[in-house]
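Next up: the structures, one after another.
Shared between the two complexes below is subunit A, which pairs with subunit B and subunit C, respectively.
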Partner chain A sequence: MIYAILSLAVLGAVFGIVLGVAEKKFTVEVDPRVEEITKILPGANCGGCGFPGCGGYAEAVVAGTAPLNACTAGKDEVRQKMAQIMGIAAGAAQEPKVAQLMCKGGKDKAPLLYEYEGVEDCHVAATMFKGPKACSYGCIGLGSCVQVCPFGGIKMGSNQLPEIDYNICSGCGACVNNCPQHVLKLVEASKLVHVRCSNKEKGKQAKEACQVACIKCKLCEKNCPEGAISVVADAEGSIAVIDYAKCTGCGICVTKCPTNALEIMLPINVSNNEEQNLTVKHPPAGCNHCGLCQ
Partner chain B sequence: MNTSTFKGGIHLPGYKEGTQGLPIVLAGIPDKIYLPVSQHIGAPCVPLVQVGDEVKKGQKIAEGKGFVTAPIHASVSGKVVAIEKKQHPGGNFVNCIVIENDYKEEWADTVKPNSHPEELSAEEIRKIIFEAGIVGLGGATFPAHVKLAPVEGKKADYILLNGVECEPYITADHRLMLEKPERIVAGLRYILKSTGCEQGIIAIEENKPDAIALFQKMLAKEKNIRVQALKEKYPQGSEKHLIYACTQREVPVGGLPLDAGVVVHNVGTAAAIADAVEEGIPLIQRIVTLSGDGVNKPTNYLVRLGTLFSSLIEESGGYSGDVEKIIAGGLMMGKTVFTAEIPVIKGSSGIVVLKKTGKEKEREYSCVRCAKCVDACPLFLEPTTLVKLAKRRLWEEAEQNNALSCIECGSCVFVCPARIPLVQYIRRAKQEIGALKAKAKSAGGKK
Partner chain C sequence: MQEMMIIIIGAILINNIVLSQFLGCCPFLGVSKKLSSAIGMGVAVTFVLTIASLITWLVQKFILVNLGIEYLQTIAFILVIASLVQFVEMVIRKKSPDLYKALGVYLPLITTNCAVLGVAIINIQKSYTFMQTLANSLGNALGFTLALILFAGIRERLEEADIPKSLQGMPIALITAALMSIAFLGFTGLL
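On to the complex of A and B.
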């Protein structure tokens, strides 16, 4: 009995000493700031900053190789806190971006070529004639973007198009990178007018494929007071493209578009009261008082 | 009969009774021919003709760059009326050269018979095969001349001719073996000569005893070429499994058949090679089995490439009822297409039309972990694990589990009691692994 207790005590003492020495000798110095920053980051590991997860970004910030404004999901608050921890100026915020769906062709607008059966994944459907919709450029509507959104900010709408919750969207770009049709794009959140179509076919074919397709009539191009929208041609075909740097969001192109492929949306993060006074308070340059914003 | 086979796989109903006894019929030549510029594995060809050009039968109208490519020839004489995007049996939209037939059937000057084919050197034969645009006619459409080209340090001990045709419904190769066995053997001799290989094997599944007997009789005195009868099992016609069944050799993971000292060609490819070498005729027609309960008169057709499925279906008496599916290729490996306005290409071995059954659609259930798919997988993969990884988007782990080795034969889906479309998930994983690899490669290139 006594031997057992003794031998265990001796063993315990020896292991304790070995572990104690090893801890001192092989310890890895971790900057406590890395841990602190990791704690305040959103922790969604969305990859929007371009680093491998929130931990990777925190390390890069402490090492001084990453800017403080790279975390799109954390927004202003996280940036200020990080600046405090690092003891440096917070700097300017990155202009927030959100994902915009460049397709309006829901199941009521774009006819189906066939009935799709199989895995609910846009990538799989895209290998079958670019999805069941007649338009081979548009949203397939099986919700691959919904599956990959790390914030749960995308829902599938009733007309089989994803609906993005702009209050949740952090602009990380996970859905944009995963979309097989490339109909999602990251656009500055302040931009309100969008070409909700990606079809590059000629007008007739585009119209046959979808009722709300861009038919390349160039009415938007001719009527834009800022020269911000134009029909751009490439190897595949042509489509109306907005130069967001020039666009003032006046909405004239939206009123001119014969197929309704363009859309002006309400500003994000605007409460009801502000919404009502919007045109009165800040009429943007070129406002023709069409009333669309109301 | 001395038969051999591989491990794994499944037993499928053949559904070949409808067409295996029917002789090959020359299909009507349509007014318009649609030739996609992509009919082989490799980068698409670039058209050599323009809208308005007159072309002759057998004239080269498109060719690609590089080594892994095969030119495309006009299958009728006439006028190019359009070059436009059209549905392709591969499930996408591809530029097609549309030729309006003038029914003059004039051959191009380049097509002339070879007076002394036996005197050709190995290199000359390979050049003829390349110029004739011959690809693997079994369905994979791999350019034939690439497989024959010598690779340093590797030598083929056997040339295997694949006459297995394990897909249900399809009997194109079976009929070819019965009707033109001498062309196949002649083609095999040219292949042997062009590779410097001495042993040839013609592999036939035992559900075609007439073809086996015919070749055995023909090759009774032949020392270099033998017939190998194989057990009836799916996917016996897969290259790797055929090699194992005939030679007991295994192709290494990620390797080519040549790594096991074997080169495999389809019997149809061999016959096309004989035509090209002796007669100078490029690949402008092939045998297509039109079958299934959805057509009135299933038939084996000799079809000009670029003929639309719809004109073949019309020729065989039209649809027998409401159509559930049209499958380009076989029931297992083929691709369902949504319209019959799709051209026959070099790889189209069959068209299967299925009638509406009125049965309710089966939905996908959860995996019950019965491991039937593991037993059935002829590549000894774990399909259920791969699906689990694909559902969780763990592409790297899927690659470690050899997702890329999957040949998408569909044996696992056939046996799955939970009706999980395993191949679709695995194909998705393969797609994503391919994208990751391409990304890593381009990143490595930048450094």
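On to the complex of A and C.
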């Protein structure tokens, strides 16, 4: 009995001492600010900041190698709190970006090349003729972006194109990086006019592949008062490209586009950026974008 | 030497700790979703299991038997394993922060991995010598790692497979584990 108690006590004490010594010897200095910053970060580990998860970003901020405004999901509030913890100025926010789908070819617009019955994953479908749609540049529509969005901000629309909820989208770019077709792009949230097509084939082929494809007619280029949109050619082909730095969102190109590949959208309400929204030019009610007023 | 090889191969293939003796099923099912974490867990368990078996053998031989208190085996062994896992955690955290992050919560969970205690007790029950204990625990640990890595590889493929909805996730994993167990039965006549 006495041996039992003694031996266990001694064993426990020995292990305790060994662990205690080891604790001193192998102690790891962790800056408490890392933990504090990790706590206030959104914790979605979306990777939008370019660091491996929120923990990685917190470490980089404390080490001084990352800017305070890199967390796109955290917005202003998180930046202010981080500035408090770090004792430095919060600095300016990044211009908020959102993911935009550069494809309008839903199932009613783009004919199918074949019936796809495989795994419900865009990457798998993309290995076969770049997806089941006749347009090999378009959105495959199996919802890989829906699954990868860390904030649950994308859902599949009725026409088998993803619908992005701009109240939720933080512009982290997780879906952009995951899309096998590269039809999702990060664009400043204030920009309203987008080329909703990624097809670089010649006009006739593009039109055959999808009713709402860019047919490279250059009508947008000719009519743009700012010279912001032009049909740009590269090794693959050509397509209308908007220079977002010049685009004022007037929407003239949208009315001129014969296939409706261009689209003007309603202003996105970015909650912490009201001032910027006010400066976006809204065409007055009844405007038919004739361009005469300019 | 030959005897030790027989013990090691027997422990890896014939009496595989997970697939034949059904010890350590919790990490086998829990950490087998990704191949990378399965490898990390396998390495951690191999390390802890081998060291723990040797220390528990020494504790049994020089403390418990000498004092005639073998009935305290379980509690003494758990004490050894728990402290050892704590120690390993501290060392890994200091020496390899990346491995520490990769193992995450599974490192402290090795404490409750019944394979570790199970192998320690089997070594005593079979009255192995010190070297035989080393061979047996190393073999069992490698067997655990082998089973875990094989299973993780299969499960990664299952993610892409077209599985009926009612079987997705854990059900198909359990069926897979059962089939692997049956496959390992084929090694019975090896030695």
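One rule holds in what follows: the second predicted complex is superposed on the first by the 269 of 294 C-alpha atoms of A that agree within 3 Å, B and C clash if a C-alpha of one lies under 4 Å from a C-alpha of the other, contacts with A are read in each partner's own complex, and residues count from 1 in each chain.
Basically, a contact is a pair of C-beta atoms (placed from the backbone, for glycine too) under 8 Å apart; a residue touches a chain by one contact, two chains touch by 3 or more.
Predicted, not measured: the structure shown is a model, and the values here were computed from it.
Per the definitions stated earlier, placing subunit B and subunit C onto a shared subunit A by superposition produces a clash between them. Here subunit B and subunit C are compared by how many residues of subunit A each touches, and C touches more.
Touch criterion met: A:V28 reaches subunit C, while subunit B stays clear of it.
Of the two partner chains placed by superposition, only subunit B is touched by A:S136; subunit C is not.
In the superposed model, A:P225 lies in contact with neither subunit B nor subunit C.
In the superposition on chain A, A:S7 makes contact with subunit C only, not with subunit B. Legend: residue contacts after superposition of the two complexes on their common chain; A:Y114 is shown touching subunit B, with no touch to subunit C.
Looking at the shared chain after the overlay, A:M128 reaches subunit B, while subunit C stays out of its contact range. In the superposed model, A:P258 makes contact with neither subunit B nor subunit C.
Applying the stated contact rule after C-alpha superposition, one finds that A:V18 touches subunit C and leaves subunit B untouched.
Comparing which residues of subunit A touch subunit B with which touch subunit C, the overlap comprises 118-119, 121, 124.
On the side of subunit C, the complex with subunit A involves touching residues 59, 63-64, 67-69, 72, 75-76, 79-80, 83, 86-87, 90-91, 93-95, 97, 160-162. Interface of subunit B with subunit A (complex): residues 87, 91-93, 335-339, 361, 393, 421, 424-425, 427-428, 431-432. Interface residues of subunit A, counted against subunit C in their complex, comprise 3-4, 7-8, 11-12, 15-16, 18-19, 22-23, 26-28, 118-119, 121, 124.
Remark: subunit A residues 113-114, 117-119, 121, 123-124, 127-130, 136, 148 touch subunit B in the complex.
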